[in-house]
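Structures for review follow.
First subunit A sits with subunit B, and in the next complex the same chain sits with subunit C.
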Partner chain A sequence: MSQENTKGSGTAEQKPTFSQGGVPTTGHSWDGDIRELTNPLPRWWVWAFYITAIFTVVYWLFYPAWPVGSTFTKGVPGLNSITYTATQVDGTEVEKTTHWNMRSKFMVEMNELHAAQKQWFDKVAATPYDQIAQDAELMQFVTSAGKTLFSDNCAPCHQAGGQGVIGFAPNLTDDHWQYGGAYEQIEATIVHGRRGYMPAFKEIVSDEEIGQLANYVLSLSGEPHDAGSASSGAKLFQTNTAGCYACHGADAKGIEGIGSANLTDKIWLWANIPELNTPEEKLKVVKTIISGGLNRGVMPPWEDRLKPDQIKLLTVYVHQGLGGGK
Partner chain B sequence: MDVSSAKPALKHIPIVTRSVKGKFRNFKTAVMLLAYSVYFLLPWMPWSRNSAADQAVMFDLDTRRFFIFDLIVYPQDIFWLAMLLFIAAALLFFTTGLIGRAWCGYFCFQTLWSDLFIWIEHRIQGERPARLRLKSQPWNAEKVMKVGGSHALMILISFWTAVTFAAYFSYAPEFVVRLFSGEAAQAAYITVVVLTITTYLAAGVIREHVCTMGCPYARFQGVMYEADTLAVSYDARRGEGTAGRIIPKAGLKTREERQAKGHGDCIDCGFCVQVCPTGIDIRDGLQYQCISCGLCIDACNNIMDSVGYPRGLIRYDSERNLSSEHPVKPHLEWKRLKVWGYALALIIATGLLFYNIGSRSDTEVTVQQTRQPLFVTLSDGSFRNRYQIHIVNKTEQDEVYQLTVRGIPAESLNIGDIPQIRVRAGKSLTIGARIDLPREIAITTQAFDFVVQPSSPDAEPLVVQTNFNSKR
Partner chain C sequence: MKHDKIERNLGILLVLTMVAISAGGLVEIVPLFFIKETVEKVEGVRPYKPLELRGRDIYIREGCYLCHSQMIRPFRDEALRYGHYSLAAESKYDHPFQWGSKRTGPDLARVGGKYSNDWQTQHLIAPRSLVPQSVMPNYPWLAKNDLDYSDIGLRLRALRKTGVPYSETQAEYDRNVEEFGADVAKYLHIPDAEKNLISQAQQGNYDTNPDKLTEMDALVAYLQMLGTLVDFKKYDDDYFVKFR
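Showing the complex of A and B:
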């Protein structure tokens, strides 16, 4: 900055200089020659400032803005109202109108989403099971919507992929169904839930007889066993003393109506036999189940938690989407 | 506080250009007519289609398909855009290396729309002196009518520019009706309003500042210049002589008189400055503001003709030739490594793009294995793997596909109860498939192929290799 014309100017007697090296000053001077430069703000900046100032006023009209005590200004009703449909705990739907806020914006979007999905849910509800499975485009919707419903409601026990947990929840992807794998049976299972039970046999038969029965059960699915003991077990299985056949059937293949296990296949729900290494361990686990019984096969009913169209969609998802339906 | 005497940081001198006639002006006008014809008429061009509106060029965002005549571009083809951008860049570098900023001067839309708007000003307000007079006079009826009229027309053209842009994204005849009846999508209105404002501001108000202050190309195109690059140049040796340029006055009228006194051919008429759309003086040498439009060449040639001097005082010439001891006729110097490099990149990229477009299959198949669980043990001890098969039909007709397997028994494939895999034109479908293999086969099978055969005649089957998992 040029300093050449600062000397001898700006004293009380002299007229203040309004320019300093091309830059204007405020006209005030101190100690004779100290002056204040005034570089004006760029015009565009000043205008931008005015516009933002006006914008804040518009903002107050449309959005929640000022805190007032324990509440806040909510803008002008009518300018910024949002109306959405909310589902209450008892399942009834109510319309709600509020001032602008993120949650109601979210609710409006959810309403729109549900409206977009409705045509598909309606189609699922109106179509018989076997025809849904024949409609490739409808199945595409069932697979994607079912995955979400399954993840929200079923996955905590049956796992995200429906593979279940041995000793806790059945695998829904295989071809074995305790209570039947037809559409109607799966739907009944979801609606009403299930409760499996096997009595303890330690008071009924001797320890040796339990060993015979366990060897027989292992022999049915081709696991290592003692053949002599197993043949004794086979006889005991059909007697009224042990009475195994009453629930598991004379062919030991289980009865879907009561959810008794098929003992002849390779699928194990309560004992993880294929993963055990020695015949002794396998025998021990089966013996434990026979002597102690089972009271763990509980699935809760879902008719109060899911809508009928959701249950129907889930049924198709489990039957077709997971791939194990009969 | 005296603000009025403040000197603004950047003083804006409005540029009022003089119109000019000549071959560069004609070329610019021809390019402009061609570009506007294509831009404004293309959305209205009909084209027979099966699965979409009958529009030759339509970027359909709803169904995520870009229709470009008989080519349909799907989101999966996004890398074509990358190749196209690379080609555009290589082409820009190539031409810049050869003949300077030809893009800026003749083809850039900022130049095209500015040119049109300047032409409007010229038609309504008159030639440069009339416009200067209008600018300096107070606001009266004449000024309001003429200035207001030309800006109203600019806004109208900007509006139609915006509507045309939006029409590329929707079936134009229906879109325009919906737009004016208030039934078009919100995005359409936002697009039209924003583009109208930006087009008007950029070409009608901000003009050359877009090039000099906003445009990155203007700044970096300079690095592609070489000494051999042809650029709009003032022949200072000829124009200035040894004693500098001077206006013709008594004793300095003819070329012989001027040369005898050491003056050059430039008669300092200033027309080259007056016609310049960025308001520079080309006689100061190559400047980053120069968009290479050649209008100063036209202006100077006209003056040279009228005073009877040879043309070409301002011309396309290279830096090397201008400073050479023995200047030759200006010519394209293409035997340069840089030019060859750009050309090679351009040819390879263009070839790849065309090869890719030509060899694209009408069907796209992706197979995703269900990983939770990776395999299922069935009651008879066999193993099941499950797959999600995604088929995209890129044709304009509904298509039926046959799904088979290769490398494992045919009957091990099961796609549920779906009787037929039918995919609508331009759509995709995901179906679930199961593969059940007996234990003996499963433990020796690590991979197999899905084969998707479109039913249309002479369609090639698509083969996707995938894994099979089991407990080995």
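Showing the complex of A and C:
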């Protein structure tokens, strides 16, 4: 704190010792020999500072900046305006010019994107489903754009390659389709979503009967089962007491219109039968499903999230790109 | 320039420092209180229902905001991935808001309805069972913990103090009916908060376990409504430009 020279430190009064470059000191000294040089700020730094100050003024001319009352300055009119085309609620397009702002610029950028992809999306929209697959050039676009759409929207459930997750979401790459694998059916699934449901049977049939039904279900796909119990289950399957046939069909092959499972193929969605080793475990997990039912298998609708042309493209991607479409 | 006077006199230094900071504050902050123009006039935005609010509190408790933002910026890449850019109006009842630019996980501003309740539940319990490349931690306790909603009324009251229009009196309730419609207003009534929380959880069955009201119910209820309040089909593409 002391600005006085510290004569008591043992040395004689000290002159500034760091002035050899001709740089003066502030005249303060601490502990007798610590002094503070007063170097001027570097030229480049000072100029950079001035330039930033000038830049702010230029910025005010070009961009929205100062709040004024209940509004704000929007730059000099016409100096940095943006002209965009916007679609109105009624479907018409209008062209408008505004001061520079991010939301207008965003619309211009989105329009540029749409313009770049327009010829391809128009072609997808105009081509009937079964002919898109014939057009190799168009399929190239479908495959690359479809992969992006699929990764973002579908992969979280159906996985990146469309292979699904047993116990959660169906495999889209095989030939088995719960709600149908034709173009129109796949499109309907994407547009409206799906809701899987199977009622619980524990209140409807006895525990023994559930065991019989489970044995029958296992027998249908060649899994180990009790033959006697399964034949009782087969009869029960067709009765109105259990009523299994109503959803799964008399042939147990499922009904696409309601998305009921085909019980005769070896494809399992809710019970991971192939992973289980012992017949007891397999029987137990099938019994659990019959007894408790299923209230899962919800696929959200995408009609509000994706545009119709994107949905059509995605349909082709699922049908053709992932394979297995019918 | 003589800095000496200022630097050697603490009193003057203090006063001048405060003057400098206040000037900056006045110029930058005060005008924002008067710019109503920047909050879009838009239909559908409402305060959180009690169950959603409880879910939001859990979202904050678990630190979800450390990796997930809730603010889609008006950039092409963000719109393509996440949907329509976020509006100021959409977070006007948020205390604290969940904006941000630090994203380890994806932005969640429009995650509502994108996945099923089943997916959200399974994904929160074990993210890698559905998204193999995910680095998100597991949150298995959410599905086990009973939801503590004993103080839900107090939580609504605290927000009411900050200006969120939860209703305490009949007059406030009537005002909400006028502003939000009877269906929404009933959920904003503080005396009925607990009843409404339970009924929403039972109807929604968010954690896919109908027997238990868990923290998962609340968090998924919150996630499923994010970004779903405004129907953008009702507005011209450029309607929101005039607020900027």
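One rule holds in what follows: the second predicted complex is superposed on the first by the 212 of 326 C-alpha atoms of A that agree within 3 Å, B and C clash if a C-alpha of one lies under 4 Å from a C-alpha of the other, contacts with A are read in each partner's own complex, and residues count from 1 in each chain.
Rule of thumb we're sticking to: a residue touches a chain if its C-beta (ideal position, glycine included) is under 8 Å from a C-beta of that chain, and two chains touch if they have at least 3 such contacts.
Since we're looking at a predicted model, the values are computed, not measured.
Colleague: Which of the two partners, first being subunit B and second being subunit C, lies in contact with A:E137: first, second, both, or neither?
Modeller: first
Colleague: Thinking of the overlay built on chain A, is A:K96 touched by subunit B (first), by subunit C (second), by both, or by neither?
Modeller: The second partner, subunit C, only.
Colleague: Answer with first, second, both or neither: which of subunit B and subunit C does A:G323 touch in the superposed model?
Modeller: first
Colleague: Which partner does A:E280 contact after superposing on A: first (subunit B), second (subunit C), both, neither?
Modeller: In the superposition, A:E280 touches no partner, neither subunit B nor subunit C.
Colleague: Quick check for you: in the superposed arrangement, does A:D152 touch first (subunit B), second (subunit C), both or neither?
Modeller: So A:D152 only meets subunit C here.
Colleague: Based on the A-chain superposition described above, do subunit B and subunit C contact any of the same residues on subunit A, and if so which?
Modeller: The answer is residues 159 of subunit A.
Colleague: Report the residues of subunit A in contact with subunit B in the complex, numbered from low to high.
Modeller: It is residues 18-19, 22-24, 26-27, 38-40, 42-43, 130, 133-137, 139-140, 143, 159-161, 163, 171, 173-176, 222, 262, 265-267, 274, 320-321, 323-324 of subunit A that touch subunit B.
Colleague: Looking at the complex, which residues from subunit A come into contact with subunit C?
Modeller: 64, 67-72, 84, 86-89, 94, 96, 98, 101-107, 109-110, 113, 152-153, 155-157, 159, 165, 168, 295-300, 304-305
Colleague: Contact residues on subunit B for subunit A in the complex?
Modeller: 1-3, 5-9, 370-373, 376-381, 384, 386, 388, 416-422, 429-432, 434
Colleague: Within their complex, state which residues of subunit C touch subunit A.
Modeller: Residue list for subunit C touching subunit A: 31-32, 34-37, 73-76, 79-81, 83, 85, 113-119, 122-123, 129-132, 205, 208, 233-238, 240-241, 244.
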